[in-house]
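Naming follows writing order (A, B, C, D, E, F, G and H), and every chain is counted from residue 1.
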Amino acid sequence: MAENETLVGIIMGSQSDWGTMKEAAKILDELGISNEAKIISAHRTPQRLHDYVDAADAKGMKIIIAGAGAAAHLAGVTAALTTLPVLGVPMESPALKGMDSLLSTVQMPGGIPVATLAIGKAGAKNAGLFATAIIALSDKDVSERLIAWRKKQAAAIPLDPVD
Amino acid sequence: MAENETLVGIIMGSQSDWGTMKEAAKILDELGISNEAKIISAHRTPQRLHDYVDAADAKGMKIIIAGAGAAAHLAGVTAALTTLPVLGVPMESPALKGMDSLLSTVQMPGGIPVATLAIGKAGAKNAGLFATAIIALSDKDVSERLIAWRKKQAAAIPLDPVD
Amino acid sequence: MAENETLVGIIMGSQSDWGTMKEAAKILDELGISNEAKIISAHRTPQRLHDYVDAADAKGMKIIIAGAGAAAHLAGVTAALTTLPVLGVPMESPALKGMDSLLSTVQMPGGIPVATLAIGKAGAKNAGLFATAIIALSDKDVSERLIAWRKKQAAAIPLDPVD
Amino acid sequence: MAENETLVGIIMGSQSDWGTMKEAAKILDELGISNEAKIISAHRTPQRLHDYVDAADAKGMKIIIAGAGAAAHLAGVTAALTTLPVLGVPMESPALKGMDSLLSTVQMPGGIPVATLAIGKAGAKNAGLFATAIIALSDKDVSERLIAWRKKQAAAIPLDPVD
Amino acid sequence: MAENETLVGIIMGSQSDWGTMKEAAKILDELGISNEAKIISAHRTPQRLHDYVDAADAKGMKIIIAGAGAAAHLAGVTAALTTLPVLGVPMESPALKGMDSLLSTVQMPGGIPVATLAIGKAGAKNAGLFATAIIALSDKDVSERLIAWRKKQAAAIPLDPVD
Amino acid sequence: MAENETLVGIIMGSQSDWGTMKEAAKILDELGISNEAKIISAHRTPQRLHDYVDAADAKGMKIIIAGAGAAAHLAGVTAALTTLPVLGVPMESPALKGMDSLLSTVQMPGGIPVATLAIGKAGAKNAGLFATAIIALSDKDVSERLIAWRKKQAAAIPLDPVD
Amino acid sequence: MAENETLVGIIMGSQSDWGTMKEAAKILDELGISNEAKIISAHRTPQRLHDYVDAADAKGMKIIIAGAGAAAHLAGVTAALTTLPVLGVPMESPALKGMDSLLSTVQMPGGIPVATLAIGKAGAKNAGLFATAIIALSDKDVSERLIAWRKKQAAAIPLDPVD
Amino acid sequence: MAENETLVGIIMGSQSDWGTMKEAAKILDELGISNEAKIISAHRTPQRLHDYVDAADAKGMKIIIAGAGAAAHLAGVTAALTTLPVLGVPMESPALKGMDSLLSTVQMPGGIPVATLAIGKAGAKNAGLFATAIIALSDKDVSERLIAWRKKQAAAIPLDPVD
């Protein structure tokens, strides 16, 4: 792996999504997967999205995680521009609580896949874990780190609830 | 109006949407508004969408009607590429009956508007009528035809239901 | 354009909708489109609505933006009284979070169109932008201001999220 | 009761609603309550609705039953024009199966009530029964017929299911 | 009308519903309609409900307003025990925001009607107004008070929104 | 166990529910649990429901399975009249596809439990299995039959799908 | 009953569910039913779940109550591993307010039943009451305590609401 | 790649899912990705699932695609047993049209990811495409085939709709 590779690109529709999407960055950092986070709106900055996807290969990027809310088109439009795996994270939107974001992200028509995680922070964290699982397929060190993380996670859950 | 102008562009994500979207074409034809219909998928043919929007001005196009289903991004992505008014028509999707199409189309974030009509054929017909209403603002003939059409519509409704 | 024209009428079902609907007024003001805001309830003041629509032509009004919540009939009833383009903005209602407002506004039967924007403030702002886009079709100055606004909006989005 | 009184007016948005709404007429006929059925669209024939409501008192009308589908404004708009009790029946709409009709009818804001029955034929039948219950409050014969009908209904239900 | 008649009975499933249901009592008081409010749970106090309905006639009761939340059976079970008109008010429930209450109240099968108002305070107020409208059918004084109230309500709505 | 005991009572709101509810009877028969099926409507035959529940103890009844649709009150009202375990089966209703039946059955307020199974035939079958599981707690033969049935079920599932 | 039996096992997906699930423990304690509460995640600690179910018989456990949120698989996976009755309690999830938890718990396919209670605290309390009702079938003391509790509950409800 | 490797395992809850899930197998076959399809129910055959996941590594399996309906736990339970990427495909369920399947699959809690595709056939096809995209990351031939397939897909869409 080259020094300056960025394996995972995290993009999001607006600054307000960062509170959620940083869960993806945190777990990727914890598992030692290089990543970067950028604000790119499918609607307000369509050219920036094109440029970002065009530059992905040169950075050695393997996976793009796209988080957006409401009529959440970012993941789908990204997937239309690349054959890299695109993971979608629906934001919890103010009125409809993420149901709009979820359906806009997951219900992609046949031909252009977006693989979607849960609404909100759990989804952002799991997008990071899923990206790691993909990278682990061809990187034994990452695979071992992921397995260790999963064991640690299980062990950290107390058996008895506390008041 | 030039001979070869096309005032309204009707675009749709796939051939299967035409059964619905032709309601827009039919009412525009009936009201004498030049229009054309094209299959353009935001996801499967993104370049075709760019080219279409780029060419719209040269055709004298005033309004774009975009019909799509499920994770229906077509109207929103079109609106991101132009400042022309974009009308969205959500298709009745097989599983969720258009609720996914509706939320994906109408819940656009502030800054890039899509004006959305009802799910399915009623929405397609009304998109044609709404486009006509916009054109009527600067074309007295169209305005008169639209007013006449509305009166005819009202008069055609029988007062007594029949078994 | 006459000095005292009002191009866009913003109407809403109650005072409590103003916190949302003023987003429409603000963007219209910013883009230099004359507008006025009035409280008109389809249910509690039906006569006021008739009078308002009857007077719209004399004011040179081109577009009516109607915001209402719950069983939100205002946009539909307005559209029944005029052939001007009517834009609907569903309020975020207390119990059902705007799903009732959205369906009551967008699911208009064929024949009387209402073009609907998103639930809440994003929808109100986009109604203002969409009305501007309609006016821009026949006013080159407005068109240029709208294009400039869109560019400024894109440029104002930072690339890097901040904690 | 005068010979030519019509106690209950049944109105509906279109001919296609009659298959549902005739359940209201049938039960009213069965219970001996004078009624009439008319097609009146809140959106396509708003003037007809005004005229109908204006004439209701002269006919001795006590209750209006309004059936409509999708963005179902008919009951609410009728209630805005009269202080007579207005009963709403949401039609089973093609895409959203009546959820849109239900919310558009029942979620009336405080001040103008619509009392809503179930979606579809059960709702239409119950609107007829509810109108009868209102009339029964001041007509002992009707009250006795209604009580008898309820007893007959209970007795007609077999205890054992049959294959 | 006898001195000690109670025209409208307001019943509710628990003390926690009173914050909502007192809107019904308030508007009935304002319009001079005698009423009483009682806590009666269809599930936890079924015998109390039977006794209450049995005693309704002796009190001269004309209408029962039943407010309940979640699996809201109170209105339906009351309607099963009487031929008096029963109005249902769905409470805004904690998890599903009243959607469960609404469907449990409004979707009554054919044969036993419940006429349902909106979720929450608007529905409670409108239940009071609707009960008044029923009573107004046979009481000219009440009818005049209701018409006056409606006019006052319309007049009290300011035309201009205030910040 | 006495000869003429009926361990499980299956009740349903109408004959039309039997096509679904007989799945409960079939699995109980298969597992050798005595049962009977009756049509009892919470709304149309409330007295029949009271009589049925009053007689349950004398029959040695242990569990009541109640299937109903739309505003499905049958299970809840039954649970209000007995401390026997009551299982609810929501019917697939015509308009809302069982969402109304489900919420009306499962969302019982604290104090009177209904344990709810899935919408439709799967729920009816599982109600029978769940009733068997309860009886198995104090009947070793039933327990063994249930365990054997579960093993047979697993073994009957082929590993390879066939076209 | 042996001294050290635990009749009811309460398991939950995470510590954060305990605030809800302790309602089950409280009512079981109040009714004198031995119980224990453990944190067991179907996803993060699958082996712990296997071990727990394997050990249930030896403890004399009769019923397992499983509370989980979002994609709530705990009750279903538990039911797959045992023929004991499994009660599911859907947590009120942050984004979708428990609708996801409810459907994930209740919509079990035919063959493996989960009996589901309401979303949140009411459901947890009712799970405890339902478990008690099962135990009461073969324990006369418990049956008497449950009947007494139900009577006390009814008597504790005041008839008059207080402001 | 070894001769007898199976890169993608397709598992599904029952034979009835195969009509949908074979879309995944078909696209994988078309793109030359070795795959196998098996019926494995998380609920009815939990041991079979354990055995299958345990054997996955030995087969060189890289990705598991899990399709299930209603309370669709298969993908989540699989993901709990492995760190391989697991893709979920929600079946279109009979009553709730896949909304239950979707929420049960996608709303996984943080820590155990399932990446979810659309409801039904489009989702199954896209699961196959997404699995291919993952394999393409470390197999240049697959990458070229995928890019060629995408181009062919775009080219195959006619521009003009046909009646």
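Following the convention adopted for this analysis, a contact is a pair of C-beta atoms (placed from the backbone, for glycine too) under 8 Å apart; a residue touches a chain by one contact, two chains touch by 3 or more.
What you see is a predicted model, and the numbers here were worked out from it, not measured in a lab.
Q: Give the chains in contact with both subunit B and subunit E, ordered by label.
A: C, D
Q: Quick check on the interfaces: C-D is repeated by which of A-G, A-B or F-G, going by over half of contact pairs matching?
A: The same interface as C-D is formed by A-B.
Q: If you fit subunit A onto subunit G using the CA atoms, what's the rotation angle, as a multiple of 5 degrees?
A: Roughly 90 degrees of rotation.
Q: Which whole number of Å gives the spacing of the CA centres of subunit D and subunit H?
A: Those two chain centres are 50 Å apart.
Q: How many angstrom lie between the centres of subunit E and subunit F, each centre taken as the mean Cα position?
A: So the centroids are 34 Å from each other.
Q: Per the centroid of Cα atoms for each chain, what is the distance between subunit C and subunit E, given in Å?
A: About 35 Å, centre to centre.
Q: Which subunit C residues touch at least two other chains?
A: Each of 14, 41, 44, 70-71, 96-97, 99, 106-109, 111-112, 114, 118-119, 122, 153 in subunit C touches at least two other chains.
Q: Can you list every touching chain pair?
A: Every touching chain pair, ordered by label, is A-B, A-C, A-G, A-H, B-C, B-D, B-H, C-D, C-E, D-E, D-F, E-F, E-G, F-G, F-H, G-H.
Q: Under the definition above, what is the set of subunit H residues touching subunit F in their complex?
A: Residue list for subunit H touching subunit F: 12, 14-15, 17-18, 21-22, 37-41, 44-45, 47-48, 70-71, 94-97.
Q: Provide the residue numbers of subunit B that touch subunit A in the complex, in ascending order.
A: 13-14, 41-44, 46, 69-73, 76-77, 79-81, 93, 96, 99-100, 103-109, 111-112, 114
Q: State the interface residues of subunit A toward subunit H in the complex, per the touch definition above.
A: Touch residues, subunit A against subunit H: 23, 62, 83-85, 87, 102, 106-119, 121-122, 125-127, 129-130, 133-134, 136-138, 143, 146-147, 150, 153.
Q: Spell out the residues on subunit G that touch subunit E in their complex, using ranges where they run on.
A: 92, 97-99, 118-120, 122, 153-154, 157-163
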